[in-house]
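As structure tokens, here come the structures.
Next come two complexes, and both contain chain A; in the first it sits with chain B, in the second with chain C.
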Partner chain A sequence: MSLTGFVRFLRQSLQRLESDFIQAVGLDRSLGPALAVNGPSLLPQPNNSSEPSFLDSIFWMAVPKKRRTIEVNRCRRRNPNKMIKVKTNIEPCVQCGNLKLKHTLCGFCYEKIQKETSLIRRQIQNMEGRPLNTPAVETVVLYENETPGEADQGKRIVERSRKRPSWFNL
Partner chain B sequence: MAVSAVSVAGPALLSRLVGQIQARILAPCSQGSCLHTTAQLNTKNWDRKNRIVYPPQQKDEPPRPAEVFHCRRQIKYSKDKMWYLAKLIKGMSIDQALAQLEFSDKKGAIAIKEVLLEAQEMAVKNHNVEFKSNLYVAESFSGKGKYLKRIRYHGRGMFGIMDKVHCHYFVKLVEGTPPVVVQKTPFDQAKEYVEQLRSRTIIHSL
Partner chain C sequence: MRLTLRALISHGRVARRMGLGPESRINMLRNILTGLVRHERIETTRVRADEVQFYAEKLIDYAKKGDTNEKSMKMADFWLTEKDLIPKLFKVLAPRFENQPSGYTRMARLPNRENLDRAAMAVIEYKGNPFPPLFPVKQDNELNLVNQLLKGYREEQAQLNHSGHKLVFWITRM
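And now, the complex of A and B:
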């Protein structure tokens, strides 16, 4: 019998706490001003319905406090780590004399070889006719007044009608 | 009567008026007044620098080295980014400058290289420079060109005005070997500053 009484006591105290809490927070609607005349008895509600607008949400953004002076800006922009470093690995190409980087091929020589290679490729394209027509043999490029040697017996021959360039050996 | 008097006095009046107008136009040029007189075709200052002619030098004067001024206007690049390239080649010999620009990855390096080659050719052809490698970059800097404005669309109906930046590039080549610049160490700079502070005196004192 004390157990049920105890449980009832607990429930009542919880309800009392809840009502007290609600009254304290102000969500309770019953204690509005009691008027003799029927009027609006509700407390004014806080306006939570509209979304916080764009201009409200900028109050919590990181913003510069002071204008950066030109002296500070110059210190940052002209810092040696931002300046372009002088390259010390430029040297002249042995073949043509143009400048090149040490670890790179000479641009002029590569350009020259690219032109000749594209002409050879065009010749091969004409010989094959359609794509995926490459024969399963090696290819050898022969220039004017050149005959295929012993090593070139089973190979496909691509003829180029000009003198052999000095840089294309064998 | 009045009409005939006006018709007689007319040509004389007109000629006097024209004379006055001519005098007013010519007077500033002859007196060298401080008014900003601009010619019809607006040539900029840097382009005019190639036209100055010095009087012949005396025998005892040291030989004046040849100077060539060249520029390119409205390059599609930022003046701040161009400044880094201009600072790189300042004080270098022209061959070294061309080498550095050839292997630079920047967009402005192409324009500057063309300007340097043009200036070198001008120097040899028109400015009596004997050897095209005997030049060095005395001055090189960039300036702001005329910007085009465009609209950049943001969210929520906002917009920003976008500048399409352009810049000018100026270079002065001088004949001779580039002067050796003594690198001042920070210690030397500090020492100079302290000496400058120590040499201050109290003025108007006894």
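And now, the complex of A and C:
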């Protein structure tokens, strides 16, 4: 990989710089008189290290220096931006008394309405017979013992066989 | 000179992205709108209900122009995938809202869906539908103690006023 090659190049250049510097200053003891030869090793060779070991390639990784104490941990874990926010928009429903959010319908009351709506829709489905059979007239829902009024003339009447619920007054 | 990264920051953008792209968004809204016209009350996610509200009201505006209008019929044909709703739109919904200039739909928020996704739900309906009302009309019960006391108080005041007027009338007569 280029990283190991880069590391090797840097180390070699550093060593070269170091040896040049030492020669320039004159602290190098290895060179004797100019014509003296020192045996088989003629010139100082940069020591070609073997393959850079594994530990050299992780030379510059980020790592925690110290253990985070429990006090510091507590400060981080318990500061307000990590705690769950308290909701102040909860209020009781006027009709049933269950809790609801201010800008939302009450779940209990809506459940009642939804059940009744689905029963009305089932009745409509039975009346229509097959799918895609909507008539082009208005619909009105009548409960037990109710007769269509003058406003209900010309409308499709859906009959529900129960007493009219108290919350369904139009 | 443009100083911000247009793609990453969306401050002030009002157009919503839904589905797989603009065409997918229109198809999704078309399905929801067809369901709304058929059932007159629909329960969906809040964002979809908000988007559909605009299209539902525009559809009614087109339907009000009349059956014979070319553009209206094309719009109805495009937006309603179930073709038995086109007569319903022109003969039921348009006359229902004849006298209203706008505001044919009502949207109310619901508690989050019970699934794992806890989606924010809303119910959207055409006004004047035959179903039970979402916002029940407040009915004061006359048999409450407080209401009975208030009734008695009102009656007493009425008596006093009545007798007081009689007195004033008598004095002036005198």
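Note that in this section the second predicted complex is superposed on the first by the 94 of 170 C-alpha atoms of A that agree within 3 Å, B and C clash if a C-alpha of one lies under 4 Å from a C-alpha of the other, contacts with A are read in each partner's own complex, and residues count from 1 in each chain.
In the analysis below, a contact is a pair of C-beta atoms (placed from the backbone, for glycine too) under 8 Å apart; a residue touches a chain by one contact, two chains touch by 3 or more.
Being a predicted model, the structure only gives us computed values, none of them experimental.
**Student:** Could you look at A:101 and tell me whether it touches chain B, chain C, both or neither (first, second, both, neither)?
**Tutor:** both
**Student:** Where does A:139 make contact in the superposed view: on chain B (first), on chain C (second), on both, or on neither?
**Tutor:** second
**Student:** Give one of first, second, both or neither to describe whether A:90 is in contact with chain B, with chain C, with both, or with none.
**Tutor:** first
**Student:** Look at A:69 in the shared chain and tell me whether it touches chain B only, chain C only, both, or neither; answer first, second, both or neither.
**Tutor:** Neither partner.
**Student:** Figure out whether A:168 sits in contact with chain B (first) or chain C (second), or with both, or with neither.
**Tutor:** A:168 sits against chain C, while chain B stays out of touch.
**Student:** Chain A residues in contact: does chain B have more, or chain C?
**Tutor:** With both complexes superposed on chain A, more residues of chain A are touched by C.
**Student:** Could you look at A:121 and tell me whether it touches chain B, chain C, both or neither (first, second, both, neither)?
**Tutor:** In the superposed model, A:121 contacts chain C only, not chain B.
**Student:** So in the superposed three-chain picture, is A:77 touching just chain B, just chain C, both, or none of them (first/second/both/neither)?
**Tutor:** The first partner, chain B, only.
**Student:** What is the shared patch of chain A, the residues that chain B and chain C both contact?
**Tutor:** Common to the two interfaces on chain A: residues 101.
**Student:** Quick check: in the complex, which residue numbers of chain C touch chain A?
**Tutor:** 38-39, 41, 43, 82-85, 87-88, 90-92, 96, 108-111, 123, 130-134, 136-139
**Student:** Help me check something: in the complex, which residues belonging to chain B touch chain A?
**Tutor:** That would be residues 80, 84-85, 87-88, 99-100, 102-104, 106, 156 of chain B.
**Student:** Give every residue of chain A touching chain B within the complex, in rising order.
**Tutor:** My answer: residues 54, 77, 82-84, 86-87, 90, 99, 101.
**Student:** Quick one: in the complex, what on chain A touches chain C?
**Tutor:** Residue list for chain A touching chain C: 94-95, 100-101, 103-105, 107, 109-110, 113-114, 116-117, 120-121, 132-141, 158, 165-170.
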